[in-house]
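To start, the structure under review is shown below, and the notes come after it.
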Amino acid sequence: MTVPEFKTLRRTYGFDEVAIVPGGLTVNPEQVEIDFKIGNINFSIPFIASAMDAVTNVDTAVAMSKMGGLSVLHLEGIYTRYENPQEILDQIISKPIDEVTAFMQKVYTAEPIKEHLIAKRVSEIKAKGGICAVSIMPANAKKLAPVAVEAGADIISVASTVTSARHVSKSSHGLIFEEFVKMIKVPVLVGNCVSYQACLELMRTGVHGVIIGVGPGAACTSREVLGIGVPQITASMDCAAARETYYKETGRYVPIITDGGFKKGGDVCKAICAGADAVMLGSPFAKAAEAPGRGYHWGMSHPHPSLPRGTRIKVGTTGSLEQILFGPTSVTDGTQNMVGALKTSMGVCGASNIREMQQVEMVIAPAITTEGKSYQLSKCQ
Amino acid sequence: MTVPEFKTLRRTYGFDEVAIVPGGLTVNPEQVEIDFKIGNINFSIPFIASAMDAVTNVDTAVAMSKMGGLSVLHLEGIYTRYENPQEILDQIISKPIDEVTAFMQKVYTAEPIKEHLIAKRVSEIKAKGGICAVSIMPANAKKLAPVAVEAGADIISVASTVTSARHVSKSSHGLIFEEFVKMIKVPVLVGNCVSYQACLELMRTGVHGVIIGVGPGAACTSREVLGIGVPQITASMDCAAARETYYKETGRYVPIITDGGFKKGGDVCKAICAGADAVMLGSPFAKAAEAPGRGYHWGMSHPHPSLPRGTRIKVGTTGSLEQILFGPTSVTDGTQNMVGALKTSMGVCGASNIREMQQVEMVIAPAITTEGKSYQLSKCQ
Amino acid sequence: MTVPEFKTLRRTYGFDEVAIVPGGLTVNPEQVEIDFKIGNINFSIPFIASAMDAVTNVDTAVAMSKMGGLSVLHLEGIYTRYENPQEILDQIISKPIDEVTAFMQKVYTAEPIKEHLIAKRVSEIKAKGGICAVSIMPANAKKLAPVAVEAGADIISVASTVTSARHVSKSSHGLIFEEFVKMIKVPVLVGNCVSYQACLELMRTGVHGVIIGVGPGAACTSREVLGIGVPQITASMDCAAARETYYKETGRYVPIITDGGFKKGGDVCKAICAGADAVMLGSPFAKAAEAPGRGYHWGMSHPHPSLPRGTRIKVGTTGSLEQILFGPTSVTDGTQNMVGALKTSMGVCGASNIREMQQVEMVIAPAITTEGKSYQLSKCQ
Amino acid sequence: MTVPEFKTLRRTYGFDEVAIVPGGLTVNPEQVEIDFKIGNINFSIPFIASAMDAVTNVDTAVAMSKMGGLSVLHLEGIYTRYENPQEILDQIISKPIDEVTAFMQKVYTAEPIKEHLIAKRVSEIKAKGGICAVSIMPANAKKLAPVAVEAGADIISVASTVTSARHVSKSSHGLIFEEFVKMIKVPVLVGNCVSYQACLELMRTGVHGVIIGVGPGAACTSREVLGIGVPQITASMDCAAARETYYKETGRYVPIITDGGFKKGGDVCKAICAGADAVMLGSPFAKAAEAPGRGYHWGMSHPHPSLPRGTRIKVGTTGSLEQILFGPTSVTDGTQNMVGALKTSMGVCGASNIREMQQVEMVIAPAITTEGKSYQLSKCQ
């Protein structure tokens, strides 16, 4: 008896399941270009630090800018609720693990978002010479974005777990991205999404970049709690296909930024090979000596008051931001000198720039074996 | 040389192997409807507690009803064999692990099922204002179901490991579901089954709901002992296809209830996305403060006297039944606020009701990686 | 660029990767028949104990016969080299693990195979009322088989790691199975093989049964040392296809016996569903109180003098041979009451006999998950 | 909605995922031939020891030659930078693990490569009667290869992580393999590569052998750091396809040497079945009593000064080089008597020589299971 198919399930892939294939051409890594653009703003490296309180504060935003990348400050977290944010961060860091989620649920709601603090944080970043990118939830975008732009913000990111161009709500004041982009004079990033259709529809609203990633990482609690998520290689490939479709339709190139699930340099190389124009990283930068989380990290920008999907984890402090990005290093696990790793990877794959790296062959090659790790190094040319 | 194929093996999928894909539409979770119907009885949430002695007693049946769901009392377990069931449950709980299976084999056979206790348990549930659903094995259905209905039972569930519309036995008094459904005036659930054909044939007998699930969970002992089982995503999809076929044939909508293998809220979201109308959970509810198992659970409704396929496990007590269903919670692993999780998941996927959630895209996305868990949280938007 | 395919790789499956699917029919387990035939000799259960020194001696051969199955005595091991074999077995058992392989290499070569001991062992089994099946390597078959048959052996098994109908050797006295079968008047089993072609060619020599299995089990050292092996579900399916082809060609039904890799009752059910007529088990029977290995087992019938592929493992003693086969039991992991498990599995799958069980649907359902075991029991109807 | 495919991902396979299938023919292992040729130089066994400082020094190069194989001396490591290399090796071995990578980064750059030491090492190998093969990086090939050939080197290997026939560099003095092969009068090996196209293009330059392998092994740090790599079974198959294409085009047979990721004899058998003509091993030979690493091994020939991709691991000393190659052994894990294992494997698969072994069937048979190892041995015929 033939069983009618209720639903088709497509196989998707994450970082650990693929590998890049060097081919018939190689390029000297010193000749590789990895620059990247949002609107008319240029970045010499395609690395963005997440809008998470343990990762990005005023100082790291400035530092990342100066190294050629970008760091996004969240406007709905500690920094715009408290005059002295580090005091609160330190309390989060020092709480016992079984109390920390409840404590975070409290501190992220005890104080409201203050408009004067938004203006203050933006001004601080600009005053110190940084490019200022800030992140807002869709519900507050129309209200808070103008405050930030007024204060000098260069880029607005409108982001939540899942953001779509079409939203059903009884509220009559929903966010219309077409209008929002016109109202805001600076480049707008929107996220997150993972599907071809959702990404294409967002691009058609006129935004300047789309952030890709829902529930990446196998143990991500969005997968556990909500059952949703698409592994990042497939999400990047599908949204890269949307970018190409949109580019063919309009001639406008809207970069996609793969966000989340990165553990090491190899993952960055794979995301770009899968079609990303840039990458957004949280925990790898939470390990920086400069990180406000001081060796700790929490998965969500802020925990949901009745259904939290992430808690505080210890990531340790392993080196300076510069070392993490540019080395040199004696660490062999791919967590430092990620720019060097990307350039070397592009070189051995014969890619002179990001667009060429997106064309390199990639294969499915699961990193799972029966054997322990100790023997696997064996011969690693 | 071409090898003739002796048998075709189709790939099947379980909860841990799939993920739901948010698309181009989102809905405000507050506008999501999740109600569900058995016959003409309405439930505001599609959650059913299993007919297992550690999960459902008179009080939890009443409590679940009042919260909008359902709890099924087993009529062949401790509650109808012993006047004072909690005394026996406490003995099961306090036995050392290496003696408990033999002890359970004894207490489940030492006393017969007593009809006056059936009537008593049903009356107690009704007296306290609950909807009364009871579970009976096929062999005893014709004898015990009338007793329960007489006492006021609202729903009869006829369930065993595998139940089919066609059964071969030397006994001349086999159960004919067509006749049984007509004899019993209340809605009838039947289970368990996992295949399109078996489910379709059961629906054609006139039953009011079919329970789906044989040997779910990778380590389920039905898989170990008997080799049988189908992972729940595929089982739900195949039986949902049977429901659609039957609905097209007759215009009658027979809900399917995916039963077993759930560990967290995300699994519930996936089962419904795979086609389920409701879910039946054991161990997640055995963790409730109100559960008769007091932090312990046993896999089978009662152990087979010569070939047991489950033993007692400790699940712990983690919160109230209300907290498990509705939160609020500071737990981030998806075991609490499962109703909130379902509504949020449906919202980000643009589904306004259960039927729409069944249409959302799902992908194969194995939750298996080389790396440990600690790093995987990383960035979980 | 299209890459020419150097070699096609087909996916194969082992016990842990599949599950049996109950369908639209069920049968009362008490009405299920599981008998099996080699030549004209009938067995009431399709269970055979391996020709391994830790599993089969004179007494277990007799005991298995009396319970309806078969136990094969190896004629090239301890029993035909030493007058008092248990003395040697006890020495193997008591050696420290790091000395035992070298010790076994020694005791299996220190004494030659003695024809009078062959006659003696066969006579002992027959005198005690057992069916006598003996195993010989191909190189010695022409010399030793007549000795065993003369002494009363009922079945001759000619077995090595891989045995084929076509063998290239400089020796002019190679074994021709067509001639051997005619010379030996009792039924002949041959093994092992795993492919359709090899099995078909062996059947065409006129043998009465083929033993299936090369390197089963993921960690089997034939896989480690030689790289060879086919997981047992695929091997059984491919050789069952050969049996059907041969049956269509000739009308003669040659049973296949799946040998090795079994851990529990569910594996036996799966092997038969995959096409096996009977199963041959080593370690599950090494756990019997009657086993000569006294709780220990070694993987090969005897270790190779310069390239051993198995060592001694501790399996423990868990119950009597009768309990392992027929129960009753309080063990829930499928290692006891394997006959009851097979009948129950066949019943829920609607199979009245072995031939019908071979027609039941089977699916690919990997028993691998991220989560630990403790939660997976959850609800196991 | 149909999603356009941004990139096609092909599934690739490693050693642990495949197994060789014995078929309808067997050959006496004593009649199996395993010889192999580079240019006009014959080797009686297809085993090559890696150009890594912990594996190959003057003495092991001589020893491997005398046993019928080959050992390649790296000309850019310790041996050509230091008069007394063992002194440096001993320092590497004795460093604490957290200091060793930095220490290696230092010693591999503190002293330059000295031409007189190149000449000295080559002369030593020749004087002791060995075949002398030396390895050079592409950037130094034109300068150092003539020095080695002048001193008597028999084979030149030009190898780096990825080497291609086409290389883009601002440097005007790039290596042109066509010219290099003509300039150097001895056979030239080139590596490493993994793709059909890259291998074919390298063969068309006139080289005498191609080394296959980039990032083999699941935990190889090239996979972690750069994201690149192809599992060795697929890499060997694709490059074997290139060899066949080139052979059909030209009639010239250029052997491919699969390099890296080998843990045991079975892996060697699988590589050859996948199309390799010979194998190159590091850590299996680092375990030899004669190995300069004295029980330690480091994955790269030498660590990159700012982006190292391997560190020192302890492999232990398990036996003599002769035992590892030829046995006899009491070890059952496939790490000793690898020549015996290859011949036995070829015999049971009916292959009389390497070319026939390349034609034997291979299947996908993952070595991954839920269960622990202890039970898996069970019955291993």
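By letter and in written order, the chains are A, B, C and D; residue numbering begins at 1 in each of them.
Convention: a contact is a pair of C-beta atoms (placed from the backbone, for glycine too) under 8 Å apart; a residue touches a chain by one contact, two chains touch by 3 or more.
Everything quoted here is computed from the prediction, not taken from an experiment.
Trainee: Quick one: how far do you have to rotate chain A to sit on chain B, C-alpha fit, nearest 5 degrees?
Mentor: For the C-alpha superposition of chain A onto chain B, the angle is 90 degrees.
Trainee: Starting from the Cα centroid of chain C, hunt down the chain whose centroid lies farthest away.
Mentor: Centre of mass proxy via C-alpha means gives A as farthest from chain C.
Trainee: Can we say the copies chain A and chain D touch using the same residue numbers, with more than half in common, or are the two sides different?
Mentor: Different, since under half the interface numbering is common to both chains.
Trainee: Centroid of chain A to centroid of chain D, CA atoms only: how many Å?
Mentor: 39
Trainee: Would you kindly tell me how far, in whole Å, the mean C-alpha position of chain D lies from that of chain B?
Mentor: Once rounded, the distance between the two centres reads 55 Å.
Trainee: Would you please write down the residue numbers of chain A that are in contact with two or more other chains?
Mentor: Residues 195, 197, 218-219, 367-368, 370 of chain A touch two or more partner chains.
Trainee: Show which residues of chain A lie in contact with chain B when the two form their complex.
Mentor: On the chain A side, the touching residues are 1, 3-7, 9-12, 14, 16, 50, 52, 101-102, 105, 159-171, 191-195, 197-198, 201, 213-231, 234, 259-263, 280-284, 297, 299-301, 303, 305-311, 313, 315, 367-368.
Trainee: Which stretch or stretches of chain C touch chain B in the complex?
Mentor: 13, 18-28, 30-31, 195-197, 233, 237-238, 240-241, 244-245, 264-270, 273-275, 327-334, 337, 340-341, 344-345, 348-350, 352, 361-371, 373-381
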